[in-house]
Every structure is written in C-alpha cells, then in structure tokens.
Amino acid sequence: MRRDPVKPFLAAWTVLVLLFLFAPLFVVALFSFNESSISRFPIRGFTLAWYQKLFANTALHEALWNSLIVAIATVAISTALGIGAAVGIHRYGGRYGGALRSFSLTPMMVPRLIIGIALLTFYNLFQTNLSLLTVIAGHVVMTLPYVILIASARLVGFDKSMEEAAWDLGAGTFTIFREVTLPFLKPAVVAAALMSFTLSFDEVVVTFFTTGNDNTLPMMIWSMLRFGITPEVNSIATLTIVASGAFALVAEMSLRRAQVGSTR
Amino acid sequence: MSRETMNLLLPSGMSRRGLMRLMAASGLLAAAPASLRQAFAQDKSLNYFTWSSWGAPEFVADAKKKLGIDLKPTFYSSSDEMMAKLRGGGTRLYDMIVPVQNYIEPAAKAGLIEPLDPAALTNKKDIFQQFAESPQWRVDGKLYGIPFVWGANAIAYNRKETGEVDSLDALFDPKYKGRIALRDEPEDTLAIAALKLGIKAPYSMGEKELQEVKKLLISQKPLVRAYWKNVADVQNMLASGEVVVAWSFLAVIAPLRRAGVDVGWVWPKEGAIGWNESITPVKGTSKLKLVEEYANFTLSPEYGEFMARNTRYAPASKAAIARLEPELVKDLGIDINNVGRLVFKDIPKDKSRWNEIWNEVKAA
Amino acid sequence: MRPSVGTVLSFLAAPKLWLVVFFVLPMMTMVLYSFWRVADYQIVADFTLRNYEKIGGSLYVGVFLRTIRISIYVTVLSLLIGYPVAYFLARKVRRFKLTLLLLVILPLWTSYLVRTYAWMLILGTQGVINQSLMAVGLIEEPISWLLYSDFAVTIALVHIYMPYLILPLYAVLEKINPSILEAAWDLGGGRIRTFLSVILPLSLPGIATGCLFVFIPSMGAFVTPELLGGTRSIMIGSIIAQQFGVAYEYPFGSALALVLMGIIFATAAFSLRYGKPKGLA
Amino acid sequence: MKQYDVELSGVVKRFGSFTAVDGISLAVERGKFVTLLGPSGCGKTTTLRMIGGLEVPDGGTIRVAGEPLSPDGGASRPTRMVFQNYALFPHMTVTENVAFGLRMQRLPRGEIEQRVNEMFALLGLASQVGKYPHQLSGGQQQRVALARALVTRPRVLLLDEPLGALDLKMRKHMQNELKRLQREVGITFVYVTHDQEEAMNLSDSIVVMDHGHIVQHGSPSEIYQDPVSAYVADFIGEANLLVATVIAVDGTSAVAETEFGRIAGHLPGDFRPRGGEKVLVCVRPEHVAVGPGPLALEFEGAGTVRDIAYLGGVSRVAVQVGGAVVRADTPGLFAGRMADATAFGWQAENVRVLPYDARFDGHVEE
C-alpha cells in the first residue's frame, strides 16, 4: 500500500484522546498526596497522611468487604445464569431464539437509575427488607445481559456437531455441557465474570436505591463526596484506580491466554 | 441466629417465602456474612440514621467507650431524605433517627417513629425549658424526643473576600455574582427569600407570597454558582474559593478554619432558620431501651461538651454549656438570649407546592 | 437427541425467571405506581392520571428537553472524538493494537464516581486548568463557567461514556474487508470519497450501537449533573432520583421514569432501524 | 436367514413444512457397507442422523440391531457417528478424544488404555497421541474421528460424508483405508455421500435417494447397468438421455422413436410403457461408438462433430444430431475434427428405455 498521509494525524488524535481519558485519573492521584486539605492546584507539600487515615478507617474495611461479597455473588449468579441462558437459547431457542435473546438484553437499554428505582418500587410494594441480597438481585439484572451477550458471541462460532458427537458417544445433557460446551465457552466465561465483577464492584446508582444499612465501596465514596472532608476521597480513588488497573491488566492477560488456549 | 437477624436477612411479607427459596436455590445465602457477623457480635449495636455530624467517627468511638454501644451510622442530608428513606422501607433498617422538630408530627402520623419513655430521660432536667417543653416534640400527648442540640442555618462567608457580613443582602449582591451558594432545599431557601422580602412567617406563606419568592429567586439565579445538596458540597465550594458567601450549615466552619480558611458565620439580621434535633426511636425498633439509653446520653453534660468542642454546635443542655470556657461560648455564638432572632423550622402549609416552586426556580 | 423438558427449562427458565422477578415485575410495579398517588405521606392505590398530567406542564417538559439536548451534545461529541480513535485502532495500527485497545478500555474499569469527581479538581476555580492558565498569564480571573455548568456535565459524561462508543465502532470497522476498500480505491475513489461512500456507511451499525451506549446512560445520568452541574444544569435523572430519594413521590417519579423510558426506546428503535447499512446484511 | 442391522419402515421426517424424508423403508444387512447417495437436500443425511438417534422421526419405525431406537441416548447405543467435519473436541488431546466414549461407558482405566492403543495401532495414529486436533492434518483428524467412534465397538458405524473436507488425493487414499478398515472390523457401515465415484468404490450396496425418497437400492453394478430412472442414470456415471416416443413394447424390451431413428432397448424393473408414451432413452457414452461409418452396430446414426475433449485414455466426442447431442467415449485420440460429418451407433443390449422425467428433457440440446 501507499504511504498513508492520514495516519500520523489519527495517531496524534488517539494520543490526545488517551490523554483526555487518563489525565483526570492522574490529577486525582496527584491530589491524594496533597498536604493541604483544600483541593487547590498546584498541590502544597507531599504527604501520605490521607492514606494512613484511610487504612485506619474501619467503615471502609466493611464497605470493601461488602463490595466483594456483592461482586462475587453477582459474578457467580450472573455467570451461571447467563451462560446457561446463552447455551439454552443456542440449543433449544429454535425460532424463538432471537426473541428470547432480545428479551434478555433489554436491561442494557434501561438506564441504571431506572433499574434502581423500579427495584425500589418493587421492594416497597412487597415490603421487602433492603439488604445486600436486594442489591445483588439488582446487580445481576444489570450484569446478566452482558454475560449473555458475551457467551452468545462465542457460541456463534460453536459447531453443534461437537455436542452431537458427545451425545453420540454416550454423554448425557449435563456431561455434554460440562465436558464439551463449557470448555469451549471458557474464554467467554472468564470475560463475562470479569465484566460482571467490575460492573458490580463499581455500581453506585442501583446500589444507592436497593441497599439498606450496608455500604459498598462506591457508596462509601459517594457518601464521602456528600458528607466528608474530601482529601481522603482522593486517596481512596487513587487506590481504586491502581487496583482496577492492575485487575484489568491481569484479567486481560488471562483472557488472552484463555483465548489462545481455546483456538487449539 | 436470632429471629431478628433472620428478619434483617430476609425479605419480609408475601414475597418472603418465594424470594427466600429463590435466593437459597441460587446459593445466595452465601452472601450473608456481613449480616451474620453483625448477628454474632454482642448485639449492643444501634442502626443510627442521622446527619453526618452526629455519626462522625469520634461520636462512634465515644459511644463505644462510654456506653459500649456500637453505632452504625447511615447519613442523610435533608429532612426530606430522612422521611423518604423511612417510608421507603427504612423503618425496617434503622433503630433511631435525629429529626428536626418540625418533622415529628408528620413522622408520627405516618407511623415512622416510636415515642420515648419520659422517665428514661433523666438528663432532661438540664435542657433549656423552651426546647424541652416545646409542643412540637409531642403528638397526641406522647413524647417523641428531647432535643440535645439547637442551632441555626445561616450565612458562612469568606472574610478575606467579603469583609464582615450581617445581612441576607449579601446573598443577593451582584458584587458576588457567580460566587454565591444556596442550599438545594425549599425549606431553607424559600424561607430565606421570604425573610429577605420581609415576610415574617415564611412557613405559612400563601400562593401570592410564594410567587414573589419565586420571582426573587429566579432573578437571583445569575448570581448563584450552585445550589448545594450536601454539606460537603458547600464546604468544598467555600474551601476552594468557588464561592465566597453561602447559606450553610454550621458544621462547615470548624473544618474550614482547620484548613486555614478565614470563614465567618453570621445569623443575618433579617433572621436565621432555627432548629432543634433529638434522638427519636424508629417505629418498631427492637432496641427501644438502648435507644432511650443513648437519647438520655445525648442530653448529658458530657455529651454536650464533647459535641460543642467537636462540632461547634450548641448544646441544649445548660449543664453542658456551663462546662465550656466563656470565650468558647462566645465564639460559638450560642447565646440562648438570641433564640428570639431565629425563625424555627416548620412544615409549610402546602409542602408539595413548595417543592414545585423550587423545581420551577431550578428549571428556569 | 431429544432434550428432556427439565433440561430445557433449567437452561432457559432460571435466567428468564430472574429477569422476570427482578426486572419485568419491578418495571411493571413502576407502571402501576405511576397511576397511583400520595396522600398524607402514604402511597394510595387510587387510579389517577394526575402524575402524567403534571409532566405535561412546562416545567418538566423543559427539563426533558434540556436532558435530551445535553445527551445529544454528549453523544455527538463522543462520536466526533471517538470515531477517529476507533478508526485508527481498527485499521491503521498493527503492533500496538491490543495495548492501545486496552488503554481505551482501562478507564472503564475505574470507578465512575471517581471519574466524575476528578473533573471537579480539574475545572474548579482553584483547579488545574484555571490555575495553570493564570500561572502562565493567559487569564487573570478564573474562568467560572468551567465548573458547575452544562459544560462541566457534558465534558465529564463524554469522558465517562466515550469508551463505550469506541468499542462497538472498533469492532465494526475492524470487520470491514480490506478488499472492499481496495476495490473502492481501484475504482478511482479518492481517500475522502472512499471514506464517505464505503467506510462510513459500513460502520453505521457500530455508530448506531455506540451512540446508544452513550445516549442512554446520559439520559439517565444524575450523579454527574448533581456533582458538576450548575444552577441551570438540572437533568431529569436528578428530578426522578429526587422523587425517590427525598420526596417520597414514588408515583410521580415512576411516571417520569416511564416517560424517560419511552423517549429512550423510541430513540433506540429509530437508530437501530436506520443504523443498518443499506444493501448489506 | 439374513440378519439386518438397520431396518427402516415408513420413516418420515419433517422440518417445519419441509418434508426431508418421506416414508422410506430400507433394510441394511449385517456387516455390509451401504451408501446413501444423492445430491444435497435429498434426505440422506437426515436418514443417517435418524438411524443415529440425532433426529427423532415424525413417523415410521427404525430398528437397529433388532431393537427399536430409544430416544434417550446413552453409552450402550449400538451406533456411532463419524461427522462430516469430524467434530473432534478441540480442548482434548487425541487420546482424550478417543477415550471419551469409553469413559462414558465407565470402563476401567486399564481397559480404556488398552482399547485406545489397539485403535491407534489399527489406524496408524500411535505417533499423534499427545497432540491436539488442530495440530493434525485433515487426514489424521479423520482417522481420530474414526478411532473415536470405532473404539466403542458399535454394531453400526454411521459416516456422514466423512471425506468431504479432504483434497482429492487424500480422499482416494482414505477411501481405500475405509474399505480395509470395514473388512477388518467387520461391522456394518452406513455411509452418506454425494460423490457417486466414492459410493461405487466403497459400497456393497448403494441406496440412491431423491427428494426424501429411495429411488433405487442395489449393488454398484446393478445401479450402474440397470438404472431405474433417468435421475439414477444421470447421477451415477454419464448418460445420454434422449427424448423418444414408444412405438412397441415386447416383454422387457421396447422400441422408441427419436428424431433420428428408432431405438430398441431394455425396460428396467416393472416399467411397461404404453405405445405413444414419452420416454427417455439412455445410453452411456462408453457404449457409443463413433467414427466414419458404417460401424456394423444394431443402431447407427449420422451427425456432425460438435466438440472433442481428450480425457486421457478416452476421447469424449459430442455429436450433433438434429436438435440432440449424443456423447461418445472412444479409446485413444479421436481421429476426426470439429464439424466433420460422422457416424455413431450402439448395440441394443446397452440401451435402457426409462420413464420420462422433465428434469432431463432438453439435456440433449445443451
């Protein structure tokens, strides 16, 4: 091909956009070391005091723990249900497959705010006690479509005759699922689980309307933004940035490995 | 596991059985450890739905130290939010709240709160009589609270930028265009606009006065930087210099001064918006005795002193004020003789009309 | 190979049941509530159209229009900013493709509250931009419309949701068969003509999906406008949240939410329908 | 008494409004290599999948090894299938793939190992054991698929176009391999293909299918020499199909009038046309002689050379006779040239008179 005169411009633009995406995160990290409790640029001095304060905060430990519980339960349920749904639609959906899939994906078209308040009215109508369980139920609604989407995309490349071969060799429905379908879906399962985890771990709006006394980490940040004296927010934000960055990297790498493994 | 924890864990009513089966089937019960830990912990804990000031870590630590009570605070930032949360299922979550006096009647009528046993409140004797005996704390002859604190929402200003301020005029002064903050709350904001217009009883305004108030607030909008929702918002705006004069809670003053901002606090001469707050049990709490114990504690001189030193809010307890150095009392501006300058909060005659007017102002 | 009824049910029914119980029923509850009313601080199950009549008033229509306007700004900006990036990633790089893609996705993994909050530090009077500009002497007074304004809300929403637009666009652009482009070139199409007549139409599905991924959450945004918006930036999300958070006006809030859903579904139906490239499956 | 491994009676299968298999009956003798042959969409694969239990018939009965087919599956079923694209499990090694069926039968580990090794020896796979399917060539994958099915010792092996994905040379090689294998293991093979040469080469008997029906079932030579219809004649080998009108019928012979003369020929099966009925006369090109006349044959005609193609060993000559074209295969290089006048002819014993079939009308006017 000829030399491409547009490419350098596109490259420069992309760099600028990445800068736009990351600069705010760096600013937050910078402010987390600010000695002054007033967020004024440029920062004065350098301190780790806000981090120390953060680690001493037991409410934060509780929130972190709650977030983990919610995220892990959400991952477990939405991955199990979502993979099952995708396989079910793929196998038995027949001519209703399209409609079933569209139905499963509708929550994606609904803003989180509305998912949250709809659940709140529902819980209100049935006088349900709000707890982490009601939060998890909402998070699963939010993540399930993503799991189904990811698993369905993977299943498009799935040769049905592999399942038939397993059946032909004497495997039962669940053996087929366990030994043939699931290994094939592994990269999708990993991707879906990671997706659900981050979505759930970061969710504030649905949680806001469905939680009772239990704070999750994003709710804690939200609450700090509403009531707190903010420098600690910078530190906790920086920590979440670093943690999720590391998590994303590990996830991405394991995902890529899983994909390489499955193409063999 | 106690019944009560079961109730905390499980959705109640009609849907309980169905949901429970569903969730158990999904292995969801595995997600319960946080509540489980609560259950196994020695259960001297109170779910405390409160203003951020009263649930700050030092108060949690103080309650633990002096009473052995574990406060589990959840915060609200307006009385409306408190009411909405209680109605939306909060009565099943919380043991006690800290209502402002004007919400006692609606809360009691809506079945959201539980009366206190006057006999349990032995520290009541130290409370200023005009607060303790206020009819607003009693509904149908039952006592729903004895205030431990009193105060006013008023003007906070950046002394360096504005000099001394003494009037609501500062909030309407074009000099401070784009550097004024008001509270995103009709109960405060419509009332101060009314005071500015010279309306003496803001909470019983009629439609004509409301329209005037609306007009004033809309004309003021170009001057306003933002309407704050939470105390942190206004505090940050004052701290970072986004605004120089703001309608505010007193709570912002101490942290701002600590951060080196020379911030002034004044009850404008047209009047400030006064309030009392009390510990009040939430309807159906299983820990009424413990709530009463804590309520009584907040009326004690020790608590009042601790509170005044930490938050600069004024104790309702005479005995508490007696423990403070006179300079501090002066600095806090807690002169009980000034109470007459306050317009105490009340429920507006047509509350939803107030909300509408306020939304119209915001959308204008 | 005949699956048992039980098997089919366990695969299809459990996930559907979850969605029915925790999504469809709640949405229906919301519909129900929207026809009820509040009296004496209690929700009363009386059929009324009052909530919808109230929305018809100029106040809420105005807020809806403002919300739509801001959401359109956010969507169009995201598209203009994101398209070249998606195009570059999909068609112009090979070696660092995955790394770059990961960099685009990475911000999505960080808390969206943090991403909103960060803009307060950047746009404020004492923020990075104002203080930097003042330090180099470009301005003397801080620019006040940066924060607590529609501008702040728009820029933050673009920052938060743009990656969601880049991803589907990237996927579609990457799938375009290079031989189609070569054919267009071979037929004498210039760079711009090739782009306008081949690449752009073929990427329409990606544009449609990506724009929806930005538009929908923008329409429902309430945390961001609440933290960054000024006295005029009120969006419908805030009003809806307010009906549940502080006002206990569940019926009115439900009605507002349903109108919002109606607008969103209409937009989605429109863009998915016209987002198909012509003459191609 | 003959033993039948597969018996179909009146089997019907519909997909929506489309009838894929329309009431077929068939018996496959034990130990035979039977091929279902036909173009795509003729119902052969559906038939095979019904025998394998992968599709459930909408009507009729299927018995395998004397037993009615159970829809439940399970490791003790008497059939095993080799799929067109092999359907090897990509995440399992060759050994794991082959052992899968035995594992499902819950055999002891030692026995599994032993039987897998036997299979590897039989199919020459010993050097591939630790590999994954994607590391193997197409032919090797094919062997693994065969091994995976055969190792479970089925009564009947079902093969669905198993050589379809291989290149020509490999396909020929694997055909011989399959033949050898079938003789060695001695079980019944039911084989599906659309490749008539493959069918002829491999099968003990061929079942020709068309639109969900069986049109002819017989040995390769029967089907080749005595096709019952123009469809079969055309599908298997090459055939000149000439439109004609019956003049006389005498027992199993008939005489028919074409536009270039009267042709006598044999009638297949119980086909007995009446005088004046339209028929198709079938002569295979290798039975048509061509050259300067006279040829001293029972039928002779004259025409013009329209096309000559050298196919290696034989030359294919197309002779235009009025509106019809007759193709002849003549050994070696054809001496004539394009547009030459030429004679052609054949012996009556090589001629078949078949029922008229509109699909093959006009065939001669190409």
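As written, the chain order gives the labels A, B, C and D, with residue 1 at the start of each chain.
One rule holds in what follows: a contact is a pair of C-beta atoms (placed from the backbone, for glycine too) under 8 Å apart; a residue touches a chain by one contact, two chains touch by 3 or more.
Everything quoted here is computed from the prediction, not taken from an experiment.
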Quiz prompt | Chain pair, most C-beta pairs within the contact cut-off | solution = A-C
Quiz prompt | Innermost chain by mean C-alpha position | solution = A
Self-check item: Length of the line joining the C-alpha centres of subunit B and subunit C, rounded to whole Å
Solution: 35
Quiz item: Approximately how many whole Å separate the CA-defined centres of subunit A and subunit C?
Solution: 17
Exercise. Return the distance between the CA-based centres of subunit B and subunit D, expressed in whole Å.
Key: 89
Quiz item: In whole angstrom, what separates the CA-based centres of subunit A and subunit D?
Solution: 55
Quiz prompt | Per-residue overlap in subunit D, given as positions that touch at least 2 other chains | solution = 53-54, 73
Quiz item: When you check subunit A against every other chain, which residues touch at least two of them?
Solution: 38-40, 77, 120, 124, 137, 164, 167, 225
Self-check item: Where subunit B touches two or more other chains, by residue
Solution: 19, 88, 229, 236, 240-241
Exercise. Enumerate the contact residues on subunit C facing subunit A in the complex.
Key: 1, 3-4, 7-8, 10-12, 14-16, 18-19, 21-23, 25-27, 29-30, 32-33, 43, 81-82, 84-85, 87-89, 92-93, 98, 100, 102-115, 117-122, 124, 126-128, 130-132, 159, 162-163, 191, 212, 216-217, 219-223, 227, 237, 240-241, 244, 250, 253-254, 257, 260-261, 264-265, 268
Quiz prompt | In the complex, subunit B residues that touch subunit A | solution = 7-16, 19, 23, 26-28, 30-35, 47, 52, 57, 72, 74-75, 77, 88-89, 92-94, 229-233, 235-236, 239-241, 255, 258-261
Self-check item: subunit A - residues contacting subunit D, complex
Solution: 159, 161-162, 164-172, 175, 179-180, 183-184, 186, 261-264
Quiz item: In their shared complex, at which residues does subunit D touch subunit A?
Solution: 52-54, 73-77, 79-81, 83-85, 87-91, 100-101, 104-105, 132-135, 148-149, 152
Practice problem: Name, in rising order, each residue of subunit B that touches subunit C in their complex. | Solution: 19, 22, 78, 80-81, 83-85, 87-88, 106, 109-110, 178, 221, 224-227, 229, 236, 240-242, 352, 355-356, 359-360, 362-363
